[in-house]
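Structure provided below as structure tokens; questions to follow.
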Amino acid sequence: MKELESRLLELRGISKYFGATAANDSIDLHLNSGEVLALLGENGAGKSTLMNIIFGMYHPDAGRILLRGKEVKISGPEDAMRNGVGMVHQHFMLVGRFDAVQNVCLMDGTASLTVWNRKKVRAELEKLKEQYHIEVELDCPVERLSISMQQKIEILKLLYTGAEILILDEPTAVLLPQECEALFEMIREMAAQGKGVIFISHKLGEVLRVSHRISVLSHGKVTGEVATAQADQALILRMMSGDDLPDLGSYVKKPAGERVCLSCEQLEGVDDRGVKTLNGVDLTVHCGEIVGVAGVEGNGQDELAEVLAGVRPAFSGEIQVDGKLLNSAKAGRFIESGVGYIPSDRNTVGTVPNFPLRENWLLRNRNWPKRHGLTDLRAAAGQASRAMEEFDVRGADCMTRSANLSGGNLQKFILARELGGAPKALVCSYPTRGLDMKAAWFVRSQLTRAKEAGVGIVLFSGDLDELFALSDRIVVLYRGRVVGQCRPEETTPQDIILMMMGGQA
Amino acid sequence: MNRISSLAASVGGLAGKRQGGVSRLLLLPASVAAAMLVGSVFILAVGANPLEAYYYMLIRPLTSVTALGEVSMYFTPLLLVGIGVSFAFHAKLSNLGGEGQMLFGALGMTLMGIPPVGGALGIWSLPAGILLGVALGAGWAAIAGYFKFKFHASEIIITLMLNYVARQIISYLVFYPLRSGAEPQSAKLAAALPKLWATSRLNWGVLIALVLTVVYGVIVRRTAFGYRLRALGDSEKAAVYGGVPKDRYYFLAMVLSGALCGLAGALQVSGNTMRLMEGVAGDFGFGGIVVAMLGGLHPLGIAAAALFMALLSAGSVTMQVKTGIPTSFTSVLEALIVLFVLLGMAVGGMKLGRKGDRS
Amino acid sequence: MDASSVFNAGFLAALFASGVRQSVPLIYGSVGDTLSEKSGVMGICIEGEMLFGAFFSYLFALRTGSLWAGVLMGAAAGMLSSVIVAVWSVLLRQDQAIVGIMFNIFAMGFTNFLNRLIFGTSNANISVETFSHIPIPGLSRLPFVGDVFFNQDILTYLSVLLAAVVYFVLAKTKLGLRLAAAGENPKAAQACGIRVARFRFLSYMFCGFSAGVAGASLTLSSVGTFTEAISAGRGFICLAIVILARWNPLMAVVAAFGFGSIQALQIRLQVLGSSLPYQFFVALPYLITVLVLVLAGRNIRAPRELGIPFERERR
């Protein structure tokens, strides 16, 4: 009986569909007070969707939600917050131009036509800061603060509303190790106060350290649940993948060529907000070589990939492709020079969502199929169909709009297109992110095949195992600079992680 | 709110399975029918017979070559402005400045057609005027295009504002430097667009507009340029990834759009009014947007929508005389049709025009 | 007639007093639009809502004999008509510019239609008595300023009051904070429990209300009658004023006064038959707007998600 009283949250048979794919497939889950529940799973396993359902951002297609033993219908975040549910989203939900006090002020459900009292809110925040040992700037527009600061403001927002059920969606993805430690301390503190915390992650180590119980999600289903005390790494991995992982290390690398196919020197550039994120990057890729780029998210990877592919301007530095100097941000010239690019955003960058596949096949096409001077759509369709067969793109023909393709099939299509143009160099940005195991393996095998055919590949990835397995060389990006490089067989993941944090190997 | 969106989602799912093709085809007639039904309420309010009113609007103008000539006076500019703004819409630019661009096109034709130039050029003032009109229309749109890509200023507001500026420039010109006679209007053009039929106002303008509509369709669907415009409109990032220099294309889309509106203005003067005057562009600037929307940016659709709208406008005068329904009823009907089309698209999960997909 | 004799103090006082009157509809329109733009929706539709307000205020003032009944019905007409725009652009998430333009065409046709229907073609002579001027005790005696600002009708005074209230609401209340959040980052606002769609819908309606009063002021403040297309592009000037005033309702009052004065000058020049082409002054507000858009620092203060439809379950 006691356990039932302390049960804060219970989910029964929750399902949610996006189009035809089930993001959540009849999920059962519960959370007790004073407990840290870790929700483990790969990208795309359905963790965020599930949490957004609890928080009222999405509506489930089936299933029930019970809060403190009572069934509730959560029609929006305002309902969730009224019921004591709070969430820190993976992408922070802060109004950039507002400062911390204003952002917190948005949270309380009081009548709209009341004058808000800045002093009072601020004083309460100061109190919370002290209670939970949170150091954060309150009076500066949050968009000018660092990511970890912004996260602290998000947590303050939750504490301010007095939420009892706290959902943290991949909170460590953007943090440095010492910052993670502080976060864990906060989480323990909150659990000690009787709150229930759901902690989402796909990193095993931290889950084992901070949680009391672990639930594993895979392909929208709960595939296992275990008390952390009884958990071991192998067991959880099996739960996550459904069967034993294929051994990433079994791939035997063919030595790289001598000829330089893509290189850059002293690249400097800014991100979309105008913040300088590339501070002089040097990089050389040889033919038939895979250069892995490691780094904590937000250290300039996205910008580097875009600059190397000619999509983003660099304000200084130079890029050479096959010995030819190219002006930055002339994507057309890069395409002609044989630079392939697999962007991290497949849906709105890699393809035009509302174009049928035969037209998407023409995006970045070096020899535009023509008849009588006009686009030959039939030829394009033929090329696309052949490539789709070769690359095992399923559930679509060349008239299907790319928006209707699943992630794995869309990525295969993009891969087919980029490799079909016989590139000299290929820039790959997180090519297996969010893909299921099989699709990820297919992508990886295609990359190694291209490498063996002499393509020079720059591989950006957040998955160290992948980097170690595929790369001939790993370089580490930290604060917009290459801070170290090494051969995977001569180093350990720990050394790389240390460099990613800005330490010296 | 929730019920509507879930309804929209479920209907959208159905439409999606059929690739949207069939439902899109049905959308226009369905919207027209719905709007005419609602319009009947207005007609009944006047105490007239809806069937009779619609007969005078839609059928009567088709029954004689002379009446068709009247229809063509609306059809030609509507069609040209319609394909003009469609170019911009494909790149998700809203060119609301068709009126201003038309006025400048009309000015171009006038400058070539009136003395002293017009007399010297004779019949050659027509091609010369068309060229200058196209250039001026394009140039006027280029201002908005330039501001758009140079300063990221909203083309919606700029094109709207420039309409008023253009109106005043034309007003000034016909009041002062170009004035001829007591009325504020220019002298008569030296040459008129040749007629296709002696007893009707049908002229070469219709043919030019129809040919350009075919050209428009080919450019949009079957050339790299059109492909790139559409890619830019659907996902700017994907287009940039595909090697499209986006600023140049935004600018080009705007200029092309203005060029066609300019042509509409030039043909309006040389084929209809024969003089430059205030209001020579009529309501065709916004009317062209209606046409583009109704036609779903498809060449055939645009032509059909332009014909439909032209019938409404040409027939409304007879309708007013015969039934007492004010001509302004046509704008009510037009707006209702577009609103129904938008409703249908929303329920079917389709989108047209600018979409803010930044995520 | 030479310039010095025209631009004497009496002329200027009359000019600016007329400028104030000209600015009243602009103030109502731009204050309404400021609020709706803050929440992320653009008031392209103001032009049409003004027409609705102008027609119905005239109609009811004429039929009931009460100016206030007219104003009220004008405001109600503006507000009700804005529901059309709100349904299409907020609930159905269609493009705001296109919906707005279509709505304007509809409003133009609809009001003309009703006008013909009810008054036939000869309503030019039926006019209602307009609001009388209320000199403010003391202040109206001030030289020059008194005539210009403190001897106006009630709608003028109320317009400034409305601007002040909206300023207060936007700057100081939770409502203002929430509206701004909905326009800046609707997704985040939603995560904070703010019903973005509802806020946007209601702010459209407020904008319609305000534009309706603007329309009422067109017919009931000076002309006393409704003529077709009486709004004459003022709705679009309001959009410009909002940008020029950087989304601050009090600044909008100042900007509206500027534009109103230019309009008053233009009318006088036309009447005087001055050698200056009056067209230049008609075009001036629009030219200024374009310049402001281009030069005023790329709209740094514009709400970030202005004009972008918000979809609840967008991934």
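Labels A, B and C are assigned to the chains in the order they are written; within every chain, residues are numbered from 1.
As a working rule, contacts are C-beta pairs under 8 Å (C-beta built on N, C-alpha and C of every residue); 3 or more make two chains touch, one makes a residue touch a chain.
Owing to the predicted nature of the structure, the values given are computational and were not obtained by experimental measurement.
A.B. asks: Tell me the fewest steps from chain A to chain C, where a step is a jump to a chain it touches.
C.D. replies: Step count on the best path from chain A to chain C: 1.
A.B. asks: Specify the chain pair with the maximum number of C-beta contact pairs.
C.D. replies: Ranked by contacting C-beta pairs, first place goes to B-C.
A.B. asks: At what distance in angstrom does the C-alpha mean of chain C lie from that of chain A?
C.D. replies: 46
A.B. asks: How far is the middle of chain B from the middle of chain C, if each middle is the mean of its Cα atoms, in Å?
C.D. replies: Centres of chain B and chain C (C-alpha means) sit 28 Å apart.
A.B. asks: Taking each chain's centre as the mean of its CA atoms, how far is chain A from chain B in angstrom?
C.D. replies: Measuring from centre to centre gives 45 Å for this pair.
A.B. asks: Specify, in ascending order, the residues of chain A that touch 2 or more different other chains.
C.D. replies: In chain A, 59 touch at least two other chains.
A.B. asks: Where in chain C do residues touch two or more other chains at once?
C.D. replies: 312, 315
A.B. asks: Mark out which residues of chain B touch at least two other chains, giving numbers and ranges.
C.D. replies: 359
A.B. asks: Mind pulling up the chain C residues that touch chain B in the complex?
C.D. replies: 42, 44, 84, 88, 91-95, 97-99, 101-106, 108-110, 112-113, 116-117, 197-198, 228, 233, 236, 239-240, 243, 277, 279-280, 282-283, 286-287, 289-290, 293-294, 298-299, 305, 307-309, 312, 314-315
A.B. asks: Okay, in this complex, where on chain B does chain A touch?
C.D. replies: 2, 13, 16, 19, 218, 221-224, 227, 230-231, 234-235, 237-245, 357, 359
A.B. asks: List the residues on chain A that touch chain C in their complex, please.
C.D. replies: Chain A residues touching chain C: 18, 55, 57-59, 76-78, 80-82, 87, 89, 92-98, 102-103, 105-116, 157.
A.B. asks: Along chain B, where are the residues that touch chain C in the complex?
C.D. replies: 1, 4-5, 8, 42, 45-46, 94, 96, 147, 151-154, 156-158, 160-162, 164-165, 167-169, 171-172, 175-176, 283, 286, 289-290, 293, 326, 328-336, 338-339, 342-343, 345-347, 351-356, 358-359
A.B. asks: For the complex, give me every residue of chain A touching chain B.
C.D. replies: Residues in contact with chain B: 19, 59, 75, 309-311, 330-332, 334-335, 341, 343, 345, 348-355, 359, 362-364, 368, 374-375, 377, 399, 404.
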